[in-house]
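Please find one structure pasted underneath; my questions will follow.
Letters A, B, C and D mark the chains as written, and numbering starts fresh at 1 in each.
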Amino acid sequence: MNTLGHNLTLTTFGESHGPAIGGVLDGFPAGITVDTDYIALQMQRRRPGQSTVTTGRQEKDQVEFLSGLLDGVSTGAPIAFIIRNQDQHSSDYDELKDLFRPSHADYAWEQRYGIRDWRGGGRSSARVTAPVCVAGALARLAMRKLLPALDITAFTSQIGPYSTNPANDMDYTTVMAESNIVRCPDAELASKMEEYIKQLRTEQDSTGGCVTCVVRGVPAGIGNPVFDKLEASLAKAMLGINAAKGFEYGDGFAVASQRGSEHNDSFCLENGQIATKTNHSGGIQGGISNGQPIRFRVAFKPTPTIGREQQTVTRDGRETTITAKGRHDPCVVPRAVPVVEALTALVLLDQYISSK
Amino acid sequence: MNTLGHNLTLTTFGESHGPAIGGVLDGFPAGITVDTDYIALQMQRRRPGQSTVTTGRQEKDQVEFLSGLLDGVSTGAPIAFIIRNQDQHSSDYDELKDLFRPSHADYAWEQRYGIRDWRGGGRSSARVTAPVCVAGALARLAMRKLLPALDITAFTSQIGPYSTNPANDMDYTTVMAESNIVRCPDAELASKMEEYIKQLRTEQDSTGGCVTCVVRGVPAGIGNPVFDKLEASLAKAMLGINAAKGFEYGDGFAVASQRGSEHNDSFCLENGQIATKTNHSGGIQGGISNGQPIRFRVAFKPTPTIGREQQTVTRDGRETTITAKGRHDPCVVPRAVPVVEALTALVLLDQYISSK
Amino acid sequence: MNTLGHNLTLTTFGESHGPAIGGVLDGFPAGITVDTDYIALQMQRRRPGQSTVTTGRQEKDQVEFLSGLLDGVSTGAPIAFIIRNQDQHSSDYDELKDLFRPSHADYAWEQRYGIRDWRGGGRSSARVTAPVCVAGALARLAMRKLLPALDITAFTSQIGPYSTNPANDMDYTTVMAESNIVRCPDAELASKMEEYIKQLRTEQDSTGGCVTCVVRGVPAGIGNPVFDKLEASLAKAMLGINAAKGFEYGDGFAVASQRGSEHNDSFCLENGQIATKTNHSGGIQGGISNGQPIRFRVAFKPTPTIGREQQTVTRDGRETTITAKGRHDPCVVPRAVPVVEALTALVLLDQYISSK
Amino acid sequence: MNTLGHNLTLTTFGESHGPAIGGVLDGFPAGITVDTDYIALQMQRRRPGQSTVTTGRQEKDQVEFLSGLLDGVSTGAPIAFIIRNQDQHSSDYDELKDLFRPSHADYAWEQRYGIRDWRGGGRSSARVTAPVCVAGALARLAMRKLLPALDITAFTSQIGPYSTNPANDMDYTTVMAESNIVRCPDAELASKMEEYIKQLRTEQDSTGGCVTCVVRGVPAGIGNPVFDKLEASLAKAMLGINAAKGFEYGDGFAVASQRGSEHNDSFCLENGQIATKTNHSGGIQGGISNGQPIRFRVAFKPTPTIGREQQTVTRDGRETTITAKGRHDPCVVPRAVPVVEALTALVLLDQYISSK
């Protein structure tokens, strides 16, 4: 279904080439001043078409708020917002009507619903993450008031063969990540990633990558075990992002080869407060935040749309080939960075409300 | 909260050292004959204490069904079941009352609820997965009727430095996995894993590992995007298992360094049916099953309880040390195998019901 | 919260004097052709301002669909729709900013959220039922295909001292109800009701009333006990309508003085089918439809806004008086008729999907 | 489904003649001391078999708590409890296996699930309200701490032709109601009701009735419009009780003939606090409590099981007759009183938690 959350719920709607996309954020605290400039800024971060390394589509993504605000302040009523789809050359997609693009949702979707909106992927398009970013920005505005110490920083930690060192995760800042088009906080690696993406564009190919997210200032005691553990809610949200293939937190898959004596986070006193000496746990123990920074990583597959000829089949069961026309984004990872941040904000605010 | 699922819901309850643990499975299809031998068998698989490589606790885990059955057939009413806790030497845990065990849930839990059941971890104990296994066995019985081709096979794919080759995932069977105590379908690796665990026991240490799960016979068209995608539901369920630190499906984190031309699964015709030539996607595209086998992997951290001295703090804020007494399980991974299968069955049956 | 339903969910948003009201209908079956003329017709039925007996506000209520449709056919994706608020003279309400209108939501709402949208009642306005009518019309279109025999007929059964005889409930039709402005299927009573409302307008007063709803063609076997019984779901939906004060089904409150020998519905055979000789039960037994017509009644209080001077207090705690200006609707009951039908359609379709 | 509530959820299970009935209460606040004597007392109130006017079944209803408590104090983990069914002469019901009892759930249930537990009504038996009473008693214990001023008083307000005067609702106390077997706080009426029930027993007949509930001490600001209004949640809970046919709050159905000038509750100052002069609204305005006492009424149909011969049909479609054997309760209303209180407590605590 299209609703996420328990006490703070986000319902999204809209297709790539329908009249509009949007969302309804319900359970949002009353009395929060909605800074529309901040929202516009967050939306701009998500926007493709900002440079040579990303997609050519020019999305204006102007957000219109329809409800839940009185003189710019939230009233506790559901906040609905829409973004008109400006650039809907759906006829560009006519040839996709009768065949299934490899590693796209086309075939599975048609099996599920018996019908498929073939225009740009319809509801399975990455365009559906735009309303998530609006809602995430609203959640962050609420947390400025409710949890002022909270800081959510996501960045590109891998593109193809180039990865940052997890040991540096805690040193990276949003300013560092936003200083380049691939959103990698290591400037040297960022240049290599940019080069790699340019090369892939030439080769009509694409690449996968990873986003890492670090959250500071989360108080201890947030989470709802045993089934709505904080990490389980984060995992569900992240795996819901288009192209996501994996989620790990703390030391993640590396724990498989660790020993307990090496992995365990000893408790200590820090300025009289209980803390841990290390943070292999990634800020969550037993499904509940422990006051240490939360750290997780999400893997994204390569963009399935590539300019090379691929084998596929038609809806009526004939084998054929497809070669994507036009200009495609060889790497969605940089654009996923603000989406990861937005979902993190939504999950944390919901769990925070639910843990009080 | 303690309920999982949408149309098929499992509510679990119980602590490690309370009178009983159990669950209520609601939305279970009517008319299913409940084979109690099958359930007992599945419970036995979960049971620790089967050999020298696992924990010493002797859990009988006899399941008593309290409702929802008429002459052994499900009626559509909620199926409740309990397992009495036999072996509750809670006084063993007296010393844990006033301090926080490193990398256990103790501290976070107390911050969340202001109170903590310190007897054996209470509600945060791995013992809470027993009711999940009962419910999973019920779900598998239902699917024998509803989706007879369905086959769920999980196995240990990594323990410490020893891992199976993902390229062989599709060749492994339950018989192969169950033929040794570590549940690794590669016999040679299994011996090494067993040796490694024995050695860790001597060294008063523990190890992490991974479980891989392969599901065959899932029809195309199961999943509920955009927020209840099949992979998102699986991720949420798996990250809810004690000690789980990561989830990946299909090629998982390896996609980060793949190219689209390498990752994409071309469509083809197989006996007149639409299929894919490869299965990098892991059987799910756009949040919906595509008819190919589902394949995913879950990472588990090393058991936090180790016999070595560790630094920690007391509830009243003094630094101290802790050394776990008694015999501890250096590796939870083999015991997680049936839990992964059970949750997979529950998620698939719920999503199947919800996708009709 | 602002979401209704389990497998078919309606999320509504919007205030009386915000930019727009609307809703998102999720879980709607794919493949349903959306007849926009039918929707417009249903919206017109809800519209006030049609005659001298109803409110003066001119609501255009033009519905714009934003998602979930492809060439007018539902795709299984959420259907979002908005209705722009045309007539928002919110300055008319300036004087309401600082006092609480008697028997309105003003005071309770402000206690709940700490802030209140005072413009025309904001989110507590009856205007929020407009999106419900859109969604109900969609549900009825789906049921034309899924349950073609289904017929939902609601009508005004009481206004002030004038009531229809429940013994005639089964004889009334939508055509009879829609043939007059008060929506009472008994023409003679309808005239008296109209006269009564006109008189109340002169007297600056208002009146309560009842809506009765009869649903034919509901198959046996719909309902989800023990907590989501069909009648419980209907009751919840109906009590959510503005001004609703009571719900009863079958013989309703009259059962309190009945005997079992009088109330019980004997089973019989009707054309070889199991039926009941009488229908005191109102088509539901044990929380599940029994194949007989469903019959229920909803009571609505008098419009709280009246032109007479009333005692009240200001936000800062001074006693004062209020006299509503302008033209007010002395009776909301006729306008509630399509809302009752819409909610009935939504509840039935959701329960039908959930009972399969 | 079998779960009620949003942040405080009660999942119940069990059939009339299965091994046990019970429930799981999740989201219950941590740190509440569970007074088991109080719970036993509340269970005793629900127990039938207390006198000549109620059913002959001797239910011991001993509650066993299985989880969620540490030394008698709630831990925030789900509280599970069971009540063994002692008196399960299910063979008494053998003749019911193949026919449908008039105005019972038998037929509808079988249409829903394709199978039916015919032993004493199975899951549709009033026995399923016992776990509701346990959970309600727990909720009341929590509210002693959270909302100490809260007082919930339900009583029998009508049995057959005998009704209390709603004008006296606020004068009745639990002590008055519990002083007689029919739980009517007017002693004179109580005697008449008792006589009437005895007479019906002689006549092999039964009667309906009403329960009224008054809640004092509810703070203003509890409720979650527009779909989870306080009255909507109460209505859903009450209509879920076996045999309930109607719900009304405040002046209820009487509002249909009232005028606004008569119904509206003027605001005034009472000891400097905002209050209303009258309480026609029944303590709820716009779906949210306004600080005045909440007052509502629930109608119950006559017990369908009567000793007279009734027409019915068999499962295989033959017309036949049925005459209930043994001793039956001609009036369920007194036993519904504690169930109404329990559900009120559960709904209020859930809404209170959800409104913070």
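In this section, a residue touches a chain if its C-beta (ideal position, glycine included) is under 8 Å from a C-beta of that chain, and two chains touch if they have at least 3 such contacts.
The structure presented is a predicted model; accordingly, all values stated were derived computationally and were not measured.
Set against one another, A-D and B-D show the most C-beta pairs in contact at B-D.
Across the assembly, the mean Cα position most removed from that of chain A is the one of D. Inter-chain centre distance (chain A to chain B, centres taken as mean C-alpha positions): 26 Å. Remark: chain A and chain D have CA centroids separated by 46 Å (rounded to whole angstrom). Taking each chain's centre as the mean of its C-alpha atoms, chain B lies 39 Å from chain D.
For chain A, the set of residues touching two or more other chains reads 1-3, 12, 112, 123.
Contact residues on chain D toward chain C in their complex (touch as defined above): 1-4, 6, 12, 100, 102-109, 111-112, 123-124, 128, 158-161, 163, 200, 205-210, 219-229, 231-240, 242, 244-253, 255-269, 272, 274, 276-277, 280-282, 284-291, 299-306, 308, 310-313, 317, 319, 330, 355.
Interface residues of chain D, counted against chain B in their complex, comprise 1-3, 9, 11-15, 18-22, 24, 26-27, 30-31, 64-70, 73-80, 82, 112-117, 119, 122-123.
The residues of chain B lying in touch with chain C in their complex are 7, 354, 356.
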